[in-house]
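Each structure below appears as structure tokens.
One chain, subunit A, appears in both complexes that follow, with subunit B as partner in the first and subunit C in the second.
What follows is the complex of A and B.
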């Protein structure tokens, strides 16, 4: 009972500190600003692939006619000079110039010069397919396409951005604030008062984790409500975000125990945030994965939150993800307890 | 005047050494640049990954390696499991002498199109089309340059935060009140607080450039970074002005971090005709100057450098009177 009252006193104190520092107001303000950005500033569609331009100088202009018939006349240009200009002006553009006759077609590739060989080969394959389809009947397709889960709807780009915000804004909130709460107490000397009290490390850790979890949940809830609206997946999304947030809060407590103040912790904080956010590169281009991405908690988390927010029917991913997070939380909680007790409460490390 | 600035500067430098701030401030940007250097080859050579099982002939596997990475899996079940993973990896297997491309169903359109086109080309024998490549400059990928731009911008902002944290520290420990009753003047205080961080920001930006891109063009890069340094002082002063303790400082970082990070990203995607809406922001000009220097040398660099310095100094000048009142120096 005494332990419980100590915890509730600590919790009240930390909540008051968070409130006085304007953290709840900031979370509300950020949620509103980010919701405005998602709803009104971000486009619904964005092109992340290379721009391709085509000039057809071949006899009968078969490729140009086929592209126009397919509604892709926008990629056609009138002259090679125009194509060269576009490729020179746009570092993500490539060009194809078709010449010759149906019997001996030629294609000139206009590249930036930095494309890897695999991209050049792919461009040749695309040009070859364009020609074969245009002059048809070609050799016929050598493959059959099978979709394991057909009919998965495409999510608008701006809404698809919400899982990014949930993982890199909301989840990292606790990591930033938990550490700074420790430094604040060090600077004000209240940690010295806590040292002589009979309370151990757990009430201290639980109190900080609870306050930051509350902040993250308020932030996440507002963000989802303002951007995606109330939806059945909300509970699942917030549950996953809460677990990840708890993990990062505990990690923040563990790491910050080794630093004297925000001035030196700031650099480590930035390093962790940047490494944690690297898997974002794979989010909008899932065909490409950075090395070691699968070992970062943010990689599966990003896709897990996306699947919960915009279900495509994928199954069997949630239980392993939750179990992994719980195991990570158990390990990091143990580390946080060890660091808080040794470094903050006894000051022996 | 010089002695007062020097004394405060030495005091801060000693504090930075004692608290390991100097070590972290020098080490972390270098580690970051090394991490970026490490992942750059993956970003520059972004290529598709194909998953195949043992039914696919060796010649097809070898052919696919010319178009991307190939993962060979022992059976169909593992292949489908791989295709259903979070990333977009098309699977390929052979069924009754015909290749089957397996997709999850939610991939980008180009993943399905490209996989089919590649299989058709490899299975269809020699190409009828003769390919030539037009002469082109042998240039570096812009990914490397944009990665360096983002690192340098981050370094400038972190330099600003270091100034800000130092001011917040003075406010929290009330050292600033002690200085206020002494002969130190406001502008001397700002110079003393900023000098070390600005020198470190410049030096580290050059080190980052060497790690990511090599030694070419360092003098021009130094000029561009110097033109953007008023932005760092502005960021530091905003932090020092708004936050009276560390918790408030990190809250301020959260709030100002949003426009600081978003404006360069928006500038990247915004069509050229609409970029004028970003002209008042010094971090837009810092981004634009670095973009002109590293990615698009056809645009005048000196205009962007002048605009970066000008907008930064105007923002700073607007904040200084209010900061002077708050710090009572």
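What follows is the complex of A and C.
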């Protein structure tokens, strides 16, 4: 009973301090700015290259007709010379020239020369698909599309950023805010007063974690509502946000206990930012995976939030992931308790 | 609550010499023990060892016969600490600082408003601590230390930087706390404060206790029995210091008294400051 009252006093104190230190304003501002970026600055679709130009010199101009019918007549040019000039002028442009007949099609790719082979291969496939759609599959065309998860929604490019913005901001803010709270108390000396109070390490840790949890949930709720809108998965997404926040707050409390001030802690902060954001590389290019990056807690969180926000039906990994995160939280909580007791509440400050 | 500290010795990590060496003292309920010494002499280290904030490697601290390390955090229910350097939540008001800190204790606490009134901060209770003057911050830290009605009170320079009026008010509260039965451990380099408040004083120099006794006993032990007499002769005020242990001075003193021209007589007992200088070869400031 008394423990609850003690925790309640601490929580009121930490919420007040977070409010007066502008942490709620920072989180609100960040959610609004990032929602604006997602909704208005990022494109919904991103092309293979920045600009493509097409010249159709084939008999009957089948590709040009197909593009015009699809409302993409803007990419059509009248001559190869015009196409060459535009590709030469714009270093992000490529050109496709169609010639020949339906029986004997020919395609020229006009490239900058710096495109990676994967882009060249993709452009060849695009040219082939354009021709096939315009005149029907040729005798050599035998491919077909099979969707393993036909229920999967096509995720707009800009919305696909939301899981990244949710997970990484919560991870970084949780870690950083925990450090800021500890260093503020060290700088003011107020931690010395706490040291000689009957409240031990747990109320201190739980109160800080609860404040960061509140900040993270406010941020997560606003970002999801402003970008994806209300959806059934919101609660699940916020649940993962809560786990991320708890884990990183506890980790931040553990590490910051060993440092005297924010300036000493800066190197650790940078290292944590780099290490914990490595999984972002795998998010947009699943084939690209840095060693050990999948063992970062942010890796499963990222894909977990994406699965909940944009379901594909591949949910088998969620329950083990949550259990793993809970186990990690328990371990880091133990470390945080040890560090707070040893380095903040006793010994030389 | 009785405190016994026995042979406390502590060396900070990386330091070549101990900050505190073989310090022992006893503090009983309703008594004030003053620890006097220069900055860096080891006063705060002794205090932190006594509170249990620093790990004891040598020596022991007992509260009612129980080692401080075995007491757990509930021990702090009975302790109040006023720090020399104000350590407040600067973004909280004076009232919030006290109310929220009071919420950490289980036992009955004095209402925050009442404690603020005792230290003269009622008018500033809704101001953030960041806007307080140094003296106001000091008073707020002192108020925080006494609000849980502690059995043991640690006061580090409780009147430093206070104006005479406020200083008097704080000293009166300290004496009330003693009257209530609190054992008070007071560190200061202000000999006047120590003289006014302490039942016992301990001089600490370079981590070692060099003298420990009641102020009166120390004065008797280290001072000289002398009087300074001012008298009038030929319309001019003249003064002489006479040592009462010398036969010639005693005769001269009687002669002056018999002559009827004596205007003032002041005893010349040694001050704590003079005793400290005598023992250490240097002053406290």
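The rule is simple: the second predicted complex is superposed on the first by the 242 of 349 C-alpha atoms of A that agree within 3 Å, B and C clash if a C-alpha of one lies under 4 Å from a C-alpha of the other, contacts with A are read in each partner's own complex, and residues count from 1 in each chain.
Definition applied: a residue touches a chain if its C-beta (ideal position, glycine included) is under 8 Å from a C-beta of that chain, and two chains touch if they have at least 3 such contacts.
Because the structure is a prediction, the values reported are computed rather than measured.
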Partner chain in contact with A:128 - subunit B first, subunit C second, else both or neither: first
Which of subunit B and subunit C A:22 touches, first, second, both or neither: first
Partner with the higher number of touched subunit A residues, subunit C or subunit B: B
Touched partner set for A:263, first subunit B, second subunit C, both or neither: first
Which of subunit B and subunit C A:111 touches, first, second, both or neither: first
Partner chain(s) touched by A:199 [first = subunit B, second = subunit C, both, neither]: second
Overlap of subunit C and subunit B interfaces on subunit A (superposed complexes): 17, 21
Complex interface listing, subunit B residues touching subunit A: 16, 19-21, 24-25, 27-28, 31-32, 35, 38-39, 42-49, 66-68, 80, 83-84, 86-89, 95, 98-108, 110-112, 114, 116-121, 123-125, 127-134, 136-142, 154, 158, 161-162, 165-166, 169, 172-173, 245-251, 254-255, 258, 262, 266, 269, 295-296
Partner subunit C, residues of subunit A touching it in the complex: 2, 5-6, 8-10, 12-13, 16-17, 20-21, 188-200, 203, 346-348
Residues of subunit C that touch subunit A when the two form their complex: 12-13, 51-55, 73-77, 79, 81, 83, 85-92, 96, 100-106, 141, 144
Parts of subunit A lying in touch with subunit B, wherever the complex brings them together: 17-18, 21-23, 26, 29-30, 33-34, 37, 41, 46, 49, 84, 91-92, 97, 100, 104-114, 116-122, 124-129, 131-132, 139, 141-152, 154, 173, 176-177, 180-181, 183-184, 187, 260-264, 266-268, 270-271, 274-275, 278, 281-282, 285-291, 299-300, 303, 312, 314, 317
